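Multiple structures are listed underneath, in structure tokens.
Common to both upcoming complexes is subunit A, partnered first by subunit B, then by subunit C.
Right after this comes the complex of A and B.
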């Protein structure tokens, strides 16, 4: 499962060591809300919300077929305007991480398409897409989960634009190892390690959320 | 993905049921499915659910120069997108017919009916006007896209607030959301599309067809009306021939339906406005049903990051210090110009392919890469990754084959060492003259 946590210092705008007492914003998810896709999930964190739908394993075009595993395709659509380069690069990022996690070898010569729609964006978009993807892949029965957590380096506000650096990590649910990291901005290596350690701490909450939401969903079946 | 074809027995079943005035979901002939409207946190964002068909609408605005022949009017732009999650058959290249049809219908319904006052969008005549952009995304296709899309569009437009502008002489001041409250758009009336599906050459009619019913229908009649019973757009497609009184009857039904839907929209808009004014919580998170088993919420959770700094210190101190290689790489990162058009930055690693026969050599890219920039600002615990562009170290032997171009510089006498991250210092070679060679071989027999 993937989640994003944003560290938000509660006070102060001066640079320096991060103020203890950061918190994860409130999040909510809903699964299986669309009738056409094979799996769907909606994830909300604070004011940011992403809707994801997955189709698969399904027929794949011969040109895109891979003989020993599933072809994973990720499509991310922004809310306004046409999709551009930023969306393409995010799609690539998500696809690479998902390929590592999804057990594609169980479905060779098929295609798995993940479609993400940005419903509202208040800053923590990068991390919001992950829980969606995680939850829908869990609906498809994939075993391993991974989780992205995002850290804000040294910022006083809760808005991503004010931060000096934004670091997003995807962590694996089993051993909290690092699967993916993407960063924007300037930071020192100490800060990187601090952010990573904080992300690992935050990930426990997120995984707990995942586990509880799935337990709730499968409690009646 | 290809669309699953509809089986003959399913088609027969649906048609027989319609003949007996029965619908799959138990509705009556003139019944609409449940309409649910929810708003997001920003103005102009809404999700409309017509049964299971779901459309997301977002309105945005921008100051632009007006069109030349309409210098005092704002610009309206509508865009309906059939997202790939709405149906497996919606692929980027494949949906053009349906997409064009829906977009044109939406435009005629909203633009040509003049429901939005475009004169009020003018800021400075001939120079600056507002461009209002309505983006609609179909999230789930369960039939009757056009109705859901038209409701979403008009709801989003009514919900939207544009920033306030004031003009003093030549100066135009655009106020941000914090300075002055945003201003709603000026909307004259609310056109809503109502769809009628015809079966058996116009004998049977259904309002608000679902996806299965759309598949077996003969033709579709769409009437866009407002609550004052004014027809804004009417379109009949599918090649069915309708009688005059059939069309009149449909317009009467549409009138009744539109009044109901408009009431629903007004109520939803008022509720949202009330909640926002009172300072309550609004947005999609609140409209999510709590009691559903598939929905789950978690409140704000504090994270204990007090030991983060100690952990980080530990990791950094345990990690190997950057070796001198790293520092030396930084120093050799300046490009060295050999001849015009030939330069070298850093050095590559030793050619690990062993001694190659010359006739096997293809075009090679020479030049090392600048490892220093990759590592800028970050230190990794794992070894320094070195780019693996090979470099020449073997003496060059002319082969018998005809060459088109060949440039040979002094071959390298000293073999290069591979750079690795080691704790002990490694010898760093000064960049030696590296032969840069490009050979194009005529591939006679391939």
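Right after this comes the complex of A and C.
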């Protein structure tokens, strides 16, 4: 099912590198588009698009099994070329956040594999990867929905390169608390707090988008 | 009726607990908290507020509420862990508060005790068969768990055969075990599934829909061609009709009817019945 939504938040000025504003680009998602994986989703924000598939709870190799919870594995493939160190570090970041959220204790000695493929990258890659993961892991059983927003770099590839700092936060759906933060660049304490507040405001729109897309998906049954 | 209660809650995106009654048949997201009917007013039996004694049927529903798939107990509230539609079933005999569960769309099967499933025999080792049921590990099936099987009289099961059986042990900590007899020792339709026919996979939600007591799809399919059909709760369906072409048509119809409305289905059936 495809859902599209165009969001302009209240303080709709274009953020420059100094003033964190809150303007989200157009996003869209499609669910269950692949037939092989147990769950799949594709998420599009502006010109950045990521495709994700999840397999699990499935068989796990004896060497990798954990006796009391599921083994979570994340594979991120870039658009071109072989995966390198940057992909590995992003995979680890995603895995650590997902482990906090997914109820692995319900499926001990199994494996849950999330495969992400970057289809096109125009700057907001981090912000695109998460909604994919959130949409599909909700089939597994999660304690809360997790959602990322990227600030200060959220306006397209060229601005992300010019921005002084890029901060990405993952927030939970229940109380908008911080689950994960990763930052790159130079910024001050107040700017960090401002960005976090802007991310929390923006996340309301994204969660509303999740809810609408899920309602559409379940509307036929 | 359900819409009005849904709209103000959306703006807070589920950051406060809602009464389960108001959210029935609506889509719920993981992380939402639901209040049971006897917790909506006051703080509970030891609360400071006064609650009027209700002498109606609602007072009787305070009993044991069963928390089904997709929900977890969190203190005295229900926490949603899967996205889907919230459903409720009233208790039949009046005791307890009924069952709440979340209807979600899923392709992956997790073994549950008592479920009847179709498995494929993958290995024979000593006295047990290893059967692939689509879960995270293969189930084990003892050779004595067939009707009329003894140590001298072994059942005729080869690797690659299809088995219809039910789980006697299925929890997250142990390897699942299945049998092909019921508690009285009779096969009751279980055992090795015969030759020919076609096995295909569908989503778990479609199986539950087809096995619901009031499902018309199955009756319409039965009027179309004479057929044999076996449904496994692990998303597998085995179908056999007189010719291969009819079998393939039936398989395609069953796979497609998940996404079709009742009218589209009736059109397709009438077109097939003519040809």
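By definition in this document, the second predicted complex is superposed on the first by the 188 of 221 C-alpha atoms of A that agree within 3 Å, B and C clash if a C-alpha of one lies under 4 Å from a C-alpha of the other, contacts with A are read in each partner's own complex, and residues count from 1 in each chain.
Simple rule for what comes next: a contact is a pair of C-beta atoms (placed from the backbone, for glycine too) under 8 Å apart; a residue touches a chain by one contact, two chains touch by 3 or more.
Because the structure is predicted, anything quoted here is derived from the model rather than measured.
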| item | value |
| --- | --- |
| Three-chain arrangement built on subunit A, subunit B and subunit C clash or fit | fit |
| Which of subunit B and subunit C A:106 touches, first, second, both or neither | second |
| Partner chain in contact with A:98 - subunit B first, subunit C second, else both or neither | neither |
| First (subunit B), second (subunit C), both or neither touched by A:180 | neither |
| Partner chain(s) touched by A:217 [first = subunit B, second = subunit C, both, neither] | both |
| Degrees between the directions from subunit A toward subunit B and toward subunit C, using C-alpha centres, nearest 10 | 100 |
| Greater residue coverage of subunit A in the superposed arrangement, subunit B or subunit C | B |
| Touching partner for A:25 - first (subunit B), second (subunit C), both, neither | first |
| Contacts of A:77 with subunit B and subunit C, given as first, second, both or neither | first |
| Partner chain in contact with A:166 - subunit B first, subunit C second, else both or neither | neither |
| First, second, both or neither for A:59, with subunit B first and subunit C second | both |
| First (subunit B), second (subunit C), both or neither touched by A:207 | second |
| Per-pair minimum CA distance [subunit C against subunit B, superposed on A] in Å | 5 |
| On subunit A, the residue positions that both subunit B and subunit C contact, one per complex | 32, 58-59, 111, 217, 220 |
| Residues of subunit C defined as touching subunit A within the complex | 10, 13-15, 27, 29-33, 70, 79, 81-85, 103-108, 110, 135-137, 172-173, 205, 209, 259, 261 |
| Subunit B to subunit A touching residues, read off their complex | 1-2, 40-42, 45, 47, 52, 54, 56, 58, 60, 81, 83-88, 133, 135, 137, 139-142, 283-285, 288, 292-309, 311-313, 315-316, 377-379 |
| Residue ranges of subunit A in contact with subunit B within the complex | 5, 7, 17-18, 20-37, 40, 42, 44, 47, 49, 51-53, 55, 58-59, 75, 77, 79-81, 111, 113, 115, 117, 119-120, 122, 186-190, 192-194, 196-198, 201-202, 205, 209, 212-213, 216-217, 219-220 |
| Subunit A to subunit C touching residues, read off their complex | 32, 38-39, 56-60, 103, 106-111, 138-145, 172-176, 204, 207-208, 210-211, 214-215, 217-218, 220-221 |
